[in-house]
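Following this line, the structures themselves.
After this come two complexes, each holding chain A, first together with chain B and then together with chain C.
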Partner chain A sequence: MNHVKSKTFTFSGRRKKFAFATCISILAMAAIGGWLQNQLLSSSFFTGYVFIGCLFFLTALNMRKRLPFIPNIGSARFWMQLHIYVGLATFVLFGMHVKWRVPDGGLEIFLSGLYFFVAFSGVYGLYMTRILPKRLSAIKEEVIFERIPAMRQKLAQQARAVVMEACESSEVLAKFYANRLIYFFETPRSFAYNLSPSGGRKRQLVGELEALDRFLGEDQRHASRRLAVLVRQKDDLDFHRAIQGRLKIWLFAHIGVTYSLLIVAVVHGVLAHAFSGAMP
Partner chain B sequence: MDQAEFSKHMPLRGILQNDCRLIEYRQGDIIVREGDYGSSAFLIIDGEALVSLKKIAKPILGRNHAHQKSFFETISQLWSNSKYSEVRELKSNSESNTGTIGQRSQGAQTRVFLHDIPRVIPPGQSVALHPGEIFGEISALTRTPRSATVVANKKTFILEIRWQGFRELLKRHDAMRQHIESQYRENSIRSHLRETDLLKNLPQASIDAISDTTIFESYGSFQWHQNFRSTKEKDIADRILSEPIIAQQGQYVDGLIMIRNGFARLSRSRGDGQQTIAYLGKGQTFGFRELHHNWETGQQRPWMLSLRAVGYVDVLKIPTSVIEQHVLPNTSAADRPPLYPQANAASSRRMISRERSLDQNLLEFLVGGRYINGTQAMVIDLDRCTRCDDCVRACAATHNNNPRFVRQGEKHGHWMIASACMHCMDPVCMIGCPTGAIGRSEETGNVTINDSTCVGCSTCANSCPYENIKMAEINSPRGLPILSTDGPTPILKATKCDLCSNQPTGPACQHACPHDALARIDLSTPEAMIGLTER
Partner chain C sequence: MNFNPQELSQKHSDYERPNLNTEIVALPTFNQETDRDDNSVTNDLSPIELTLPSLRSRRGSFTFAMTGLTIGFLLIAFNSPWNKEFLAPGPLSSPHAQLLAGRRGARCGACHGAAHESFSRWASGHQDDTAQIALCMKCHEKTIGNSFALYPHGISTEQLAHCSGNADTVPLSPAPQDSITGQLVRFSGLSHGNEITCSVCHQEHHGNVSLSTLTDQQCQSCHAQTFHSFETDHPEFNQWPQIARQRIAFDHGTHLNKHFKNAQTDFECNLCHVGDGQQKVQRLTSFEQACGNCHAQQIADSGQTGWKLFALPILDMAAIESQKLNVGNWPVVATGDFDGELPPMMRLLLAGDRKTLETISKLKSDFSFGDIDTDDPESVELAVELVWGIKRLLHELAQEGQTAIDRRMSAVMKDRFSSAVSNQLLSGLTPEVFSATAKRWLPNLAEELQTQSAQQLSNTSPVHSALLTAYTRPAKPVQELPNQELPNQELPNQELPNQELLAENPLSANTLQDLQKSRQNEDSSNQKEDIEEGETETGMSYLSELLATNPLHLPAETMGRPLDTHLKTSPEAKAGITQTTTAPLTAPPSEIRLMPEVAGVVLKSGWYRDDRLLEIGYRPIIHADKVVMSWNDCISRVESADTNDAVSALFQKANSTAAPGGCRRCHTVNRTDGDIFEFAWVADRPKSERASFTKFSHRPHLTLDSINACSSCHKMNEDASLIGTFESCVGRIGMSNFHPIVKADCVSCHQKGRTESGCMQCHNYHIGKPD
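Coming up: the complex of A and B.
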């Protein structure tokens, strides 16, 4: 019999280590900031430099992903953990930098807005990457996002073929297909569905198909069952598109705004240096 | 051989007709390569073959030359990767260029030959085989790599005997069986016994006694991969019941069973079916607990579980009397398994000690799909995978923009075994490659394909039961298809995951997954999978 003697790696163990290291780093930053103020020095430049350093470091995850072949710089999963915890630490760092007040200058408000967008989209992304994969894996079929349009077309063709075959003896199913199913099979789902995908439409259409049974002969009932299977498959496909699409669009937005944040943060830094003589 | 020794349903003539073929080799033709896997033995009919005692360089055998990329070469992938798919520089194998080896067609087959035999195999570093002599038989019977390279020294006629026919010949022909068995005992069994945990501390005299009495048995079919896809269609209960039984629950314990090659399913009767409890692989043993219990208590417990061959299995069986005489007395109490509880005890329903193990259905999935064959299977936790395809992009980035796997595969719950080469324990893809292009690294165990010696025959791709080898039409650096000279057909090359063997990072897919979803793990034992499920 095979058995394992010792545990090696657990997510909770890693979480504790990184959380501990993050807390220690934040405390160290607070201590240094406090010491600078006690020396009657401004801590803003110190926290600002650390903050902008963190922003560049957080952006580096994307660079790391694009360079999978470079050795000795750590795996992407390690970088992702650093990204998460450094990202969380920037909330405290931001507060220390603005001295826990609401920014007042136009540029500062804009910069803060960008930061909060990126930071909260990051937190939302973290939540999504932990929740949405489970919803996808609950579906029987695994689908590659780029293949969805082709698969949708194939399902539409199959549905059309089933109906064409069945409509030779009666037009009940053909009319139902033309009135209720053709739009469902041939087009992607609505924006509202993509925001909040649910199985309501599928259940409704399958229910309507079942209600047609009393008007159908044996062969057409068989065709109706096949259509119901195709409806379920199309719904699964739409669900994949909605969830995978959300995961991709989120990342696109998070990364896109990050670059704006970096540019504006650098401008802010330059201006802060330029006008540092006027600072108290 | 006497035809009367053979049964009516399997006559000697039938074996010769169905399981043998006469092959003509010309001088210099490589008959078998060291490290190749094969399921045939060879009988020399006429001519002479040389067995090289010297290790022949990998490029001469057509193997991949393990070239680790330098730091600059690694970085240069940023700009040097082609924008077209499957681009190849038109260069031939370096050994062909130096005139050491050549290729020639013999009927539908391609053969690799040595231009100058003494240059590759110097005189005195080979053994000559003459008519009537057999070679390659141990490798064919035990599915182990060929231990030496054999080359035709002149025009030679050889009878290639498939393992099915060879096994039948051994059953019917005493002299041949005794010869093979003595060779096997001499060369393999002793070292195998010594490598077994249970026996490694025994005195030499005991090892010799065990070796002399050990029975060598094979179950299942070497060609399991040929009907694997249709077998998978069957109901799981029927599939298990159709597996050859090595030991049956409830029957007399006649010895200790040691798995020498392949995999076996450990199952227990449950209602009308069989429930998989675990799987055993190379080096693991079965029956020691029953043997210990019976020896210690004087009772006669039968096999408490059944052992069935998954695909094919080679086992060594050490008779009970030998275990009781040589093994149990020489094993410390700490190394002995626990006794079974009394039949009327409250805990008697549980015959196996509770250990960390895989979920029952996941275990059935891994064994039923024969994923337990994989030493580097790509397992994806779909509950963590965000479908970002960073793994696919990383694979493409390290393979000239050609991903070598598809992020799809069979699912069980939230676990998916992706379509990537698993670098199997039993690499059936390596059987029959005419040029030796596909080979296993001695250092790492990775199975890789040498692109320059691959002739695109698709033998490996057709053999892979998991469909993880793809044939790709190759293009020039300008993106134009490269056509063969003997006809306007595109040249094909076999492509598959090479575990980024030339990259300093190791498998880029695993390295690039930011969500801890993808892992390359050894499924030949359940430990790594248990580790994944218990993260």
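Coming up: the complex of A and C.
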């Protein structure tokens, strides 16, 4: 193992430096804005240009992902960190730009709404990417989101096969499957479960399976145990889908509205210049 | 779980995913085929592959759709009827909102030139930005003025340098052009050379907030001398508020310690000083309320001497004859040794005649005909030229009235002539007065002037002068005057009339009774008999009509015609009454006789004609007499009135406290920048063309318990005396009965933590004057 300390910044090392740089940048912007204001210059144009520059830079993360072949532009992880800190800095920039007032013009309200939607979806995504992986790690298996439907289908097939084998001697398990388990295995979970996933359904079904034991023979009890395992696996799969779905869906909101924000911001800038009353 | 997810043909990746628009999903299926005959079921677990859009691809589609929706929304918003409301960055301030309340369609275009241009022009940056400034000035030029509106403080750089007292270091713009700030200023388009755009300070669309608020730091962005707070760094006031002397010669100390004490009256500030509507300043109340009790009688007494408008001098006819000069006909009562003053008013009017101006310029300011040296031919000739000038003046006044006054005053005052003021010079005096005067004193004036003019042209020897009484009347009717011969030279049996009043005396009840009587007579049925008994009453009736209307502005066809001519066109004349009139010159209203003049008993005001002294004059006996004020305003407008040949005599008299009416006893005369003078008729200082850098409102201060009396701030200086300080036309700064207000008086309240003490609390930014 190489014990020589690498000159390459670690993730946590970069985090401290970026946080410090972000604070310094915010203070510098505030100082420059105040100085411009005292020099009878419009700080709104300065903060506006910086703000829209930040928006384009934040959007460039997506370009970075699309252009991985360009050398020496930093890793995606480095860009993601920059994205996060610059994004957080835009909250202060926005406040400076609107002079800490609530925008009251139609276009300004629309623009501010888009910004806050994108910004808070970013913050939500940041929170999700920090919190949800820990919850997923509680489940041993790794599941790829895109494969979940196939896996759910496979579990349903396995459950069907187990029940088919068991029903040759007794119909108890088959009736239980038809009444209680087939909907659980064959369909995705409800919207309420995806919002707040829990193991209640799993515990209920497993308990009901255990309660059937007194009506089952030895072979059918073995099949009942196999069904209980499949119920737990299906519940874990649903949990993966709910949690990973959040990680996927927030990006739809975050990226999907970003370009709308850029367009409206550019229109706002053009209008601001045209109606500023500046001298030629 | 008994299967490996990575087996499902998905390439392993820690973080980065392949940029694929589709993904192949291997979907295991449970194909159940049932044979209807044997009910056997076949299970086939072989997977099937589906090609579905990847999550990235679906996200891209969603993003594309959202972008399209946004563009569509913007297009709709830009072209919708409510686009103004949508695009406006916020509500307007109250003043602008009220102005544009009803202009829905052209709301933006009222202030923004860019509103009339397209989005492509906006994006290209080629819009006309000057239009917005021009639109601002379209309304605000009345208070700011166009010339230097965009300059710092709205004044020229030279004026700014003068105000700052440091012409070398005064900044021309918020920042020097070669500095970083200057370059930023130019880049931002907020400044161009010395000019700063309006929007630098006045930022609209922020709702109902003050548009003119500036922070102390913004003020100090230009000002070289910076300070942090009013209480610690602001310089001491410079003799504020005693910027100039009082306009009224009022000595607070003398009135307090002498006059009010003798009258045993309390000397209260609010006797004279009252708040205006907004209580920003304390105005002075009217003369009648503040001063009239004591000073009205003084004015009445001093006005009795009267101002002479026109007077015939006494001529030494022997001396004139000895020099073989001719003055034409001259009243015998005005002959003897050269004597008589040249009234300053008449001197001014004479100077308005091109022919007489040269003669006037040779005279001393205190010239009198007694100064004529009979042994000096040139001196006698000067007197004769003056006499002809006097005759021309009387003739023009008789013929043209106010028109002649305007012409002569315009010649003297040049471009500073104002007909509005000139119209008041002979207010209350009818043109028939001069016509009647000319016929009474110099009956053949027109013919003499015609003859004299012809002789000058032909350079022939003049005719001899002739003497006549002041009451020589032509034997024939007036309409035949131009063709008649010179009237008789003497009518020794003619009775000399007493002093006559030409204008209505508002204080004389007798005069009013006479006028009422005359009206009653007018209404009587036997008009012809009235005329035969005395044309006087008819003439007086006509006078009252003239006085009630516009005295000197008669129709052109009546101007210059004798009163009898006018009478012929009157209703009575149309009725054939004047057919028998043979002595029209007795008709003028000069026959209205006054009661015997006893000072203090019967006050005579207004115009008068004295046939014994051969003069026409005016007696002001009330305060704010329009005639006297107009004469003073006229002469004060003449450039260098104190040295001007035409008006210096009148100016010196008007500028004297002994002048009739005694205006100068209280009202100061101040020399202005244009070397003209100004009579301070109004006690309050006139609103300057330029706003002051400093502002103050009494209103918020008078509500404080700690300021319970005027003397809390205005501390009287018992040692100061203003006696003699108002005689000069140039007032000294700081001349006051009160100690100047010092900064400490204000700092007691205006300091951090107590009340507002910023720059804008006491200072104005825009002080530029309108163009």
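Just so it is clear, the second predicted complex is superposed on the first by the 265 of 280 C-alpha atoms of A that agree within 3 Å, B and C clash if a C-alpha of one lies under 4 Å from a C-alpha of the other, contacts with A are read in each partner's own complex, and residues count from 1 in each chain.
Just so it is clear, contacts are C-beta pairs under 8 Å (C-beta built on N, C-alpha and C of every residue); 3 or more make two chains touch, one makes a residue touch a chain.
Everything numeric in this text was worked out from a predicted model, so none of it was measured.
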item: Touched partner set for A:Ala76, first chain B, second chain C, both or neither; value: both
item: Partner chain in contact with A:Ile32 - chain B first, chain C second, else both or neither; value: neither
item: First (chain B), second (chain C), both or neither touched by A:Leu251; value: both
item: Dominant toucher of chain A (residue count), chain B or chain C; value: C
item: Chain B versus chain C as contact partner of A:Cys54, first or second or both or neither; value: neither
item: Chain B versus chain C as contact partner of A:Gly106, first or second or both or neither; value: second
item: Contacts of A:Thr129 with chain B and chain C, given as first, second, both or neither; value: first
item: First, second, both or neither for A:Ser137, with chain B first and chain C second; value: first
item: Which of chain B and chain C A:Leu67 touches, first, second, both or neither; value: first
item: Chain A residues contacted in one complex by chain B, in the other by chain C; value: 65-66, 68, 76-77, 142, 144-145, 248, 251
item: Of all residues in chain B, those that touch chain A in their complex; value: 71, 74-75, 77-78, 266, 277-280, 284, 352-353, 355-357, 382-388, 390, 393-394, 397-398, 407-409, 411, 413-414, 416, 503-505, 508, 510-517, 525-527, 530-531, 534-535
item: Chain A residues touching chain C - in the complex, by the definition given at the top; value: 36-42, 45, 65-66, 68, 76-77, 101, 103-108, 114, 141-147, 149-151, 153-154, 156-157, 160-161, 233, 236, 248, 251-252, 255-260, 263-264, 267, 270-280
item: Complex contacts: residues of chain C adjacent to chain A; value: 1, 3, 5-6, 8, 10, 15-16, 19, 23, 25-30, 43, 45, 47, 54-55, 59, 62-63, 65-67, 69-71, 74, 77, 85-91, 108, 112, 114-115, 117, 119, 121-123, 125, 127-130, 132-133, 136, 174-175, 181, 184-185, 188-192, 195-201, 205-207, 215, 217-218, 220-222
item: Touch list for chain A against partner chain B, complex; value: 1-4, 7-11, 61, 65-72, 75-77, 79-80, 129, 132-134, 136-137, 140, 142, 144-145, 244, 247-248, 251
